[in-house]
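What follows are several structures.
Note that chain A is present in both complexes that follow, paired respectively with chain B and with chain C.
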Partner chain A sequence: MSKTFPKWTNTLPLQIVIFLILFLGSVTVGITYYFTPEYTRVGYRPPQPVAFDHSLHAGQLGIDCRYCHSNVEFAGHANIPTAETCMNCHNQIKGDSPLLALVRSSYHDGTPIPWVRVHQAPDYVYFNHAVHVARGVSCYECHGPVNEMEVVWHDKSHSMAWCLDCHRHPEDYLRDPALVYDLDWRPASKEAQREAGLRFVEQWNVNPPLSCSGCHR
Partner chain B sequence: MASLSENPSPSAAALLREVAPAKLDRPVLVENDRSFSWITNKICGIIEERTPLWWWVAFCVSGFVASFCLIGLTYLVATGTGVWGLNNPANWGWAIVNFVFWIGIGHAGTLISAILCLLRQKWRTSINRAAEAMTIFAVVCAGIFPLFHVGRVWFAWWLFPIPNSNAIWPNFKSALLWDVFAVSTYGTVSALFWYVGLIPDLATVRDRAKTKLRQVCYGIFALGWRGSNRHWRNYEMAYLLLAGLSTPLVLSVHTIVSFDFAVSLIPGWHTTIFPPYFVAGAIFSGFGMVLTLMLPLRAIYRLEDLITQYHIDCMCKICLATGSMVGYAYAMEFFIAWYGANPFESFAFVNRAFGPFAWAYWIMIACNVICPQFFWFKACRRNLVLVFILSILINVGMWFERFVIAVTSLSRDFMPTSWGYYSPTVVDIFTYVGTFGVFAVLFLLFLRFLPLMAMAEIKAVTPRADPHHHGH
Partner chain C sequence: MRYVYLIFGLSVITVLVLAGFRGSFSERPPIEIFPDMERQPKVHPQSPSTFFSDGRSDRPPPAGTVPRGAFYEDTYFASGKQGEDWGRGIPVEVTQQLMARGRERYNIYCTVCHGTLGDGAGITREYGMIATPTFHDARLRDMPDGEIYEVITNGRNLMGHYRYQISKEDRWAIVAYVRALQRSRQGTVDDVPPANLSELGL
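On to the complex of A and B.
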């Protein structure tokens, strides 16, 4: 019997088991960290064809979100403004800035500016902006502090788990609809948020769908 | 009474003689008084001899047939589950039929390993190894169908409750999820049982090995077995514990498979008789398959001394018992349909026997209820050609049973507007035939590389192992 295997093989099974535990453990941790939307999406910050600075327009100048994304209250889709919207101001201000060359040409010949999309819900997900903002879900909850972003980045994971966090506990996220577009507003405390949130949930009969067909129609 | 107590010996002795049970010789389990070394040489010889020509022929044919399965599944993954004959209302077709068919076949292996072990049915030792192998390979074949029925097979891991970034769990209220647990537990425990039983025999093969490679390969899997008293004690305990663990599985797996149907509200499915009836049917088909496999093996490898007529009798009698239970269940389904006075239920059963799928129903009755009745007769059990043919017919019948259950009820659901007929497609047929190839390939590899009988255990039940066998 001792002829078949040399002595050093005695500890081999133990070594294999330890290796497998470490290997499978690191694979699990690796997948959990690197292969979930928390990592794959958050922080995506593509350069845009026009260096539109949200921190200047929405932050310093205080332009309301709805001035440009004008459909957000009325439609499922929150639109990206056309060059006409930009030119409302920019035919007066910085009218000849080289940074705005693409905006001007788009305004003149109607070719859309090829913005790079940052947030994209998959085709199999139904999402309606109007419903959410009407019930007190702020832009901030899904898009983060856009009024502080020079270049827009993907701030939240937008994973299904993340959607369900709010659909299961809307009281932790809802705010007074008057404050939906105030991206600097923060609840005084967790308790205050929950207390007010529960009131909103009850008053407005907020009943977020949890069934599959609520979003996967 | 008085006379008895005063003078007990003569009359009591006479009385005892009178009521003493007749001495019935137990049939021997190894004939011709074969020695231990003969058994070792016989079983090890099968895997040590040069690969016979018939094996290569069978292997090539099986491999070719198995490729049907691969082609069918590749086409399905590339195109979608629409390539199967599933339609509305028959949303379940051959996929579930084949799944239940293969899972059922596996049941004989577990019954032989677990329940017959606990009941000390010593005749199990000649057939348990091959039957357990059959179980594992049948579970492999069964698993293919639900796995690919999910369509996007790369998402099949969603069937398991693994934390994920979708924050959802499988539906724990669904019988289909219970199936996942039942079948994966079943597969794991069966493989473990099979392997633990193999360890002493692998050590024998290792010790007889002529080449270093062979010695190392078998040596790794023999886990350093030296056959010491301590090894045997641990082995017996492990085997007993596994037997205890898998005993509930014999009943639970097919009970849960039957829940796929029984917990729904479809007439013909929604009946409480399903679990026992499915378990009996599974053991029936499993023993049918064991006979189908063992009879040719016995002839090819000249194993008549190890698989005796007594073994075949036992298996035939189990087929007879379980087949009659299945027949009773068929009758009882009709009785309850009438007695329950539910018009939908009555319709479902009348439709089974006389509706568009009546041909399948009567094939089922002929194969499952009538065929095993031949096993009442000793002459039939001794006619091995007849036993072989009947064992195949049993599995034909059991396949049709699942077909009848799945398809007749679905194609005649509550709304006559949606009634339809179900036919399989070429892809269905190819995939199903292909699984027989997969099964055969695996079984042939098993025959070639592993001892097909539990040598160590057979030695323990030979007449020679019992020093008191001459009535002392």
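On to the complex of A and C.
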């Protein structure tokens, strides 16, 4: 009988199977790794029209978050401050700086400063800042160490699974409301956090919604 | 077969080089992989809008209107005035809770310039804001409470107004706290309750 197929073709089916496993495995790993907000959102650090430095204002000068984001305690939306707020100090400090030209023009004629939004939940998510900060969810838990950021970046994934981590186990994240705006505070240990967290959960009857309609209306 | 693996290996490396790793900094807006209604044509606070001629979604109240919840009777509480003059006294009940609230609000909005102690030595002084007065002189000690309320509401001289940041209730809480700060520099040993004297070593 003539050799229609050379001998090496005997292993071909096996080789194809091995390659397919490897190939499909890599595709799965790739999608798992890349097709998630942990990849798409985290690290987004757009340049802003005015080079506002949080590490200087909130970190070095120690200005409270609420000095500028003054609506955060009673509104769903944590506001970007008006130019008036900037000018409370910058009418006297660095009043002629070219870096502040946009702030001055906004102050004088009301032209909005085209800030680039960093954190933007999908439009079908209704997140409310006020309820979270009032019950001891620190700015830090969602926005990271903003007081150390020269240019603000997206620090946490803000994926739905990430929201649910905390909604399922709030005791691992809640802190004393007096410390919500203290971005340098860290729990002494995991156990200490859990112990205090469980106390807060009980004391305030914290019962984060797990149903769809809690956040999607 | 080895070529297949070679091509495969090269494509993995290409993906890694092009896409990078999780958490690396980028200036490109996040890719929305499944953009199912993630962005809807609705009005968001403080966002651009093509609907209004001035290009913004936030609307100023029309002239001659008062937003719901923003109306106050023309009382001392709302104006700081009793008759024609700045009033004296705090028009809300001064409780421990109010003082705590006043201290918290003071430390957010006022310490930046006026300093934690009210001596005008806030952090901004080091950066060139030298005109901030101290609360601990005769002029400001004698200033009527209503006038302090007015300064917070509308600003004065180089100080901007805080009427949007601080609610009326909170402004009065701050006035009460400023009074306490001033009092703290005027205290004598006679002000200390006898029971607490030993704590001070007296």
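Throughout what follows, the second predicted complex is superposed on the first by the 211 of 217 C-alpha atoms of A that agree within 3 Å, B and C clash if a C-alpha of one lies under 4 Å from a C-alpha of the other, contacts with A are read in each partner's own complex, and residues count from 1 in each chain.
Everything below uses one rule, namely that a contact is a pair of C-beta atoms (placed from the backbone, for glycine too) under 8 Å apart; a residue touches a chain by one contact, two chains touch by 3 or more.
Since the structure is predicted, the reported quantities are computational estimates derived from the model, not experimental observations.
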| item | value |
| --- | --- |
| Partner chain in contact with A:79 - chain B first, chain C second, else both or neither | second |
| First, second, both or neither for A:105, with chain B first and chain C second | neither |
| First (chain B), second (chain C), both or neither touched by A:164 | first |
| Which superposed partner A:70 touches (first chain B, second chain C, both, neither) | second |
| Partner chain in contact with A:4 - chain B first, chain C second, else both or neither | first |
| Contacts of A:37 with chain B and chain C, given as first, second, both or neither | both |
| Comparison of chain B and chain C by chain A residues contacted | C |
| Residues of chain A at both interfaces, chain B in one complex, chain C in the other | 37-38 |
| Contacting residues of chain A [partner chain B, same complex] | 1, 4-5, 36-38, 157, 159-161, 164-165 |
| Chain A to chain C touching residues, read off their complex | 15, 19, 22-23, 26, 30, 33-35, 37-47, 61-64, 66-67, 70, 77, 79-80, 82, 84-85, 87-89, 91-94, 112, 114, 117, 122-124, 153-154 |
| Residue ranges of chain B in contact with chain A within the complex | 164-168, 206, 215-216, 219, 224, 226 |
| Contacting residues of chain C [partner chain A, same complex] | 1, 4-5, 8, 12, 15, 19, 22-33, 37-40, 42, 44-48, 55-56, 107-109, 112-113, 123-124, 127-129, 131, 158-161, 164-165 |
